[in-house]
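Shared between the two complexes below is subunit A, which has subunit B as its partner in the first and subunit C in the second.
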Partner chain A sequence: MTSVTESRPPSERDRLRIGPVALALPAAAWMLAFFAAPLVVFLVYSFLTAKLYDVSGPLTLEAYRDAVTTEVNRTLAVNSLVVGVCVAAATVAIGLPIAYWLRFAAGRWQVLVLFLITATFFASYLVRIYAWRSILGENGLLNSGLERLGILDEPLGFLLYNRFSVSVALVHIFLPYVVLVLYAGFRPISPALVEAAQDLGANAFARWRRVVLPLIAAPAATSFVLVFVLAAADYVTPQFLGGTDGALLGVRIQAALTGSGNWPLGAALSFLMLAAFLSCYALTVILLRALRLHRIRFVS
Partner chain B sequence: MTHPPFSTPFTRVELLRRSGLVVLTVGAAPTLLAACGGGDEAAAPEASGTIDYLSWEGYDIPDPMTDWKTANAVDVQSTYIGNHDEIQAKIKAGGGSYDLITYYQGYKPLYSELGILTTIDTDKIPNIENLFPVFKEADSRNLWIDEDGNWTGVPWTWGSIGITWDDAELPGGLDSWYDLLDPKFKGKVGVINDPLGAFTLTAHILGKDPSALPKAEYAEIEDFLTKMVGQAKSVAPSFGDMTTQLIAGDIVACYQGWAYQNSLAAGAGNDNVKTKTPTEGAFSFCDLYAVPSTSDNVDTVHAWINEALVPERNAAIAEYLVAAVTVEESAALINADTKALYPYDDLELGDSTGDRLAKLFELAPFYGMPPSESDEYITFSEMSEKWEEIKQSA
Partner chain C sequence: MSTTQRSPVTFAVTMLALLFLYLPLVVVVLFSFHATGALSFPFTGFSFRWYRDTFGSPTFSSALQNSAIVATSVAILTLVLGTMAAFGLSRCRPRLRAPLAALFFLPITLPGLFVGIALLVYFARLDVQLSLTTVMIAHFVFVFPYFMLVAMAALDRLDPALEEAASDLGASPWKVFRKVTLPQIWPILAGATALAFALSFDEFIITFFVIGPDSTLPMFIFSKLRRTVDPSINVVSTVLMATTLFLWAVAFVFALRAERGRTRRAGGVLGEATP
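== the complex of A and B ==
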């Protein structure tokens, strides 16, 4: 007796179930091989003993102890925190009105302004850093301009080579990202909502406070966390603009991994930084939940 | 001095033409020349395939070696570094089969200890004879020549550290490193993020040996460096960046300057940047081509090094990099600007060019780096870590 098994063609439901998984597989495999696996190796390194450009057993917490107890690391961690928060807050504060204007008031200028914002990505990161140096330097555009106008007798020396100049450059570098994220956040908000609030007697501040801000809170928080992570971890800008006061923890990690060949210390600092970033993300989610802003859906 | 004439097919052609032997084919030339008496001399091996290069951008000398690469069908795949430590970091991290690296002589003990260097087969680099005698002497200064006479690197360019300054802002410059500590230069001194260079220079100024500095004596180095970094507003990530600061007027003089900065500034239209060796002297660095343990094309790398020591080629390299020559005959071939960088013609230093260089290297010696492990002396790791602290505490 012969049994015949008939295979039925996949239903629409099956296709929907398999499709996304299949689509995600290449990206997942890539991340697993080139991000997750090295990260695990790096995590193991952080618990090993440092040899010059090498590691050896047994497992130890020495690298974490060094990372936390060394004064220079604490100083740089504070610098990273301060610069990260300042840059994130400034970019969101500057980006919000720009994105709002683009969505609700730019009219025919919208496409041109959006193009100009994205055009800043075409300029090299280093070129933008050097541009700020030529603006903020003692013989830079700002100082020489103010001197020519008779406002200054002596150039302002505090504009460059400190946390301020690092923050200014990073705000400039990350602002386009934030504007685009916030603009995308504003897109689903119907102008009718704002008009309805106006019809009900809400003034401009009340419309912002009661209607717009709750709707944009999640994208704004996302932008804040994104910029905070990128700014606090940056190790290029501080080297060029930070001077002796504006170095960040990323510079220290780079020095540990390449300069002094202390891989466990570099790994430990990296994971402590990662833990701080995850905590920041968790804190943001908790805050949004506490304020009941995380489940707001837009009506277009 | 012997100049083995036929290191590559390209130079064979040149020399055959000069000799009026153009009727001979390139392939037949070595046989004939060997029969004419050249056969007992060592020769560079045949070059072929790919050289995986790891070092500074420009040190793969693309322009001076173009003809050699074409003639030998050699392809150079370059991986460029941002600072010297990336060489050991990349090789020790694995994942690359690098054939050719460069290192500055101070790194020799570390690279030997890390197992990065292999012994150079000097028989395959006959042009090594062309070097100034000062680079061939097996003494404690020339770290690339081991006690047993083995070479682990071949000098192909060198330079000296000095005070680099903007002569428009500071006419005549400064004669002493200590002048940079004058309060009037507060915020106007350039310092570069080179822990080993800063440590070596400071040790030299204070009369100490950086490769064997007792731990108890490090406090003097730290004190001097803290004061020097305190005179700076920033620690520049590269010589190019420090030169940019100098041109912009943010600084007027550089601790650990380099004659190459003169050329960088001149290229940017500023002819006022100058460099000199202060009265306390400084240190010199010798850049060496080396074959790392990861190399799988050893013969071709030997042929490359041999070609870099042909007098015309070494002169072209020096002009290309705005650097110094290691080949004696090349000193007469370089242009005036390149020659002016270093005291090849400074009669006060000696009667011959070779003597002058030997005298310069007494004033600005080659040093080794601190040991990787020691209970008695400051180690490389300790030196690096201390530098990070100094940068923050200044």
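== the complex of A and C ==
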């Protein structure tokens, strides 16, 4: 053993030690150049004065003042908040029983159903928006179907172009993702824990409240925040399904960037949103720690 | 193997959710075969005319070609740089791990909108013309963290003793990688590459900001969605979904193979230890 180690040329041992980080450098350089640097430049832009599709001038807080004081921005921020919270709550509430069933009750159907659910994650984002528009519209499939069956006399107008239609499509988009995260959270939990609670006389409600939920709290909170952030910052779904009532802040940011060419305003709105999102992440971590739920793990 | 319980409520929720997830997609596919241009019931008969129309249109073929070029380049680039980075990250000194991981995984937590507009402004600042190249650059940023998540999970489960044994026996690092490590992880890497292709092929949120005058399949759907509604959108949607679903199936099968291979090997070692 010793002789082998000694006979190895020293240069090769050096390479073994320096090697690993060097392997990560090309990707790290790419991410620095095309992820970190653009964000920094964009942050600087939020403190400059707008020229059409360009910026100029000394550092100023003008764009932030503009972003906060404009009435429509506040309305859109409230819309984003409401839609984001509803979508996140709905996906986690629907995702929990699904992930539970997959882990503890699915048996030989587990692989198939897990595949079917995650597969829809890869069904194009735009296609789902299109699908929901053609289902919920005034001449859509739901209305035309119900009319043909004689249930409706005239189409239901409230299905599309509001916060409801935006939320339905976003739940459809993010549900598979949440199921995957929660299933991964359930995986290390032994079925024996739930069975023990059952044997000790806990009913279904008590089993969920005292055993299942504390164990899954951390993944559930993480997926809640992630879905909230991704849904609240969406700009495509509200464009096609939101109309004027269901518009979100993302639509305004996109318009500031590509429509009106006011880059500092778009940047200021983005970073205000980002600050709100970061505080959500921080709050989640603090809450989980305060409730002592961040490290609960009972591995089988 | 876990024991299975009976849980009728969660079973019912799962089945309803499957219905909710699949019905809209099935409807889109169904109406791509509609004989007339109507997108509402009644369904008046099957025909391939919208497929013939769409595949005959030059805007569709150039969008398809662009999507294929971008997704293929992104997948290859991600496979090479991602595999290297996953090794670097899992084998480097602990002190360097946290900052590298932050750089690699942060984009996943950030909405695509921010990545897209920041890149748009950045490219304008640098006077870079928007083209398929800028789309590739942006897609790499988007796809890379997903590839890393999968690759890191695979690398973390490797038994380091096998590589140590090989290098103690005098194998060069490259030979250790080729003969010991790669045979254990290639199914995962293949699956993750298929995933990278699928994600890039379908990407719209970031692409919208960095594409310039060219088109990809999602851009094609987007521009049609804004103007008209006709079954050619259903056709392109069906093509897009069929491609990404096929790739996800490939990735899934590879992941299952790796999982089964691992348990079989583990069982084999245990079997020898305790006959």
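Operating definition for what follows: the second predicted complex is superposed on the first by the 267 of 300 C-alpha atoms of A that agree within 3 Å, B and C clash if a C-alpha of one lies under 4 Å from a C-alpha of the other, contacts with A are read in each partner's own complex, and residues count from 1 in each chain.
Everything that follows uses one rule, which is that contacts are C-beta pairs under 8 Å (C-beta built on N, C-alpha and C of every residue); 3 or more make two chains touch, one makes a residue touch a chain.
Because the structure is a prediction, the values reported are computed rather than measured.
Undergrad: Let's test your reading of the overlay: on subunit A, do subunit B and subunit C clash or fit side by side?
TA: Superposition result for subunit B and subunit C: clash.
Undergrad: By residue count, which of the two partners contacts subunit A more extensively, subunit B or subunit C?
TA: Tallying touched residues of subunit A, the top partner is C.
Undergrad: I'd like to know which partner A:259 touches here: subunit B for first, subunit C for second, both or neither.
TA: first
Undergrad: Let me test your reading of the model: by the given contact rule, A:117 touches which partner, first (subunit B), second (subunit C), both or neither?
TA: Once the two structures are laid over each other on A, A:117 reaches subunit C alone.
Undergrad: With the two structures laid over each other on chain A, which partner does A:76 touch: subunit B (first), subunit C (second), both, or neither?
TA: First partner only.
Undergrad: Applying the touch criterion given at the start, work out whether A:160 contacts subunit B, subunit C, both or neither, answering first, second, both or neither.
TA: first
Undergrad: Between subunit B and subunit C, whom does A:139 touch in the aligned arrangement: first, second, both, or neither?
TA: After superposition on chain A, A:139 lies in contact with both partners, subunit B and subunit C.
Undergrad: In the overlaid three-chain picture, which partner chain does A:62 touch, first (subunit B) or second (subunit C), both, or neither?
TA: In the superposed model, A:62 contacts neither subunit B nor subunit C.
Undergrad: Quick one: is A:53 in contact with subunit B, with subunit C, with both, or with neither? Answer first, second, both or neither.
TA: both
Undergrad: Looking at A:240 after the superposition, I want to know if it touches subunit B, subunit C, both of them or none. Which is it: first, second, both, neither?
TA: Touch status of A:240: both partners.
Undergrad: Have a look at 27-35, 189-197 or 225-233 and say which bit of subunit C overlaps subunit B after the superposition.
TA: Residues of subunit C that run into subunit B: 225-233.
Undergrad: Would you please give the residues of subunit A that touch subunit B in one complex and also touch subunit C in the other complex?
TA: Residues 53-54, 130, 133-134, 139-140, 240, 257-258, which sit in both footprints.
Undergrad: Which residues of subunit C touch subunit A in their complex?
TA: So the residues of subunit C touching subunit A come out as 2-7, 9-11, 13-14, 17-18, 20-22, 24-25, 27-28, 31, 39-42, 81-82, 84-85, 87-93, 96, 100, 103-104, 106-107, 109-111, 113-115, 117-122, 124-125, 137-138, 140-141, 144, 167-170, 172-173, 198, 202, 204-205, 208-209, 218, 221-222, 225, 229, 233, 237, 240-241, 244-245, 247-249, 252, 256.
Undergrad: Can you list the residues on subunit B that touch subunit A in the complex?
TA: Listed in rising order, the residues are 83, 85-86, 88-89, 92, 110, 113-114, 187, 193, 195, 229, 232-235, 237, 241, 244, 248-250, 372-373, 380-381, 384-385, 387-389, 391-394.
Undergrad: Applying the document's contact rule, which stretches of subunit A touch subunit C when the two form their complex?
TA: Answer in residue numbers: 1, 4-5, 7-8, 12, 15-16, 19-28, 30-32, 34-39, 41-42, 45, 53-54, 94, 97-98, 100-107, 111, 113, 115-135, 139-141, 143-145, 148, 172, 175-176, 179, 191, 194-195, 204, 226, 229-230, 233-236, 240, 250, 253-254, 257-258, 263, 266-267, 270, 274, 281.
Undergrad: Under the definition above, what is the set of subunit A residues touching subunit B in their complex?
TA: These residues of subunit A touch subunit B: 50, 52-54, 71-72, 75-76, 130, 133-134, 137-140, 157, 160-161, 239-244, 247, 252, 255, 257-262.
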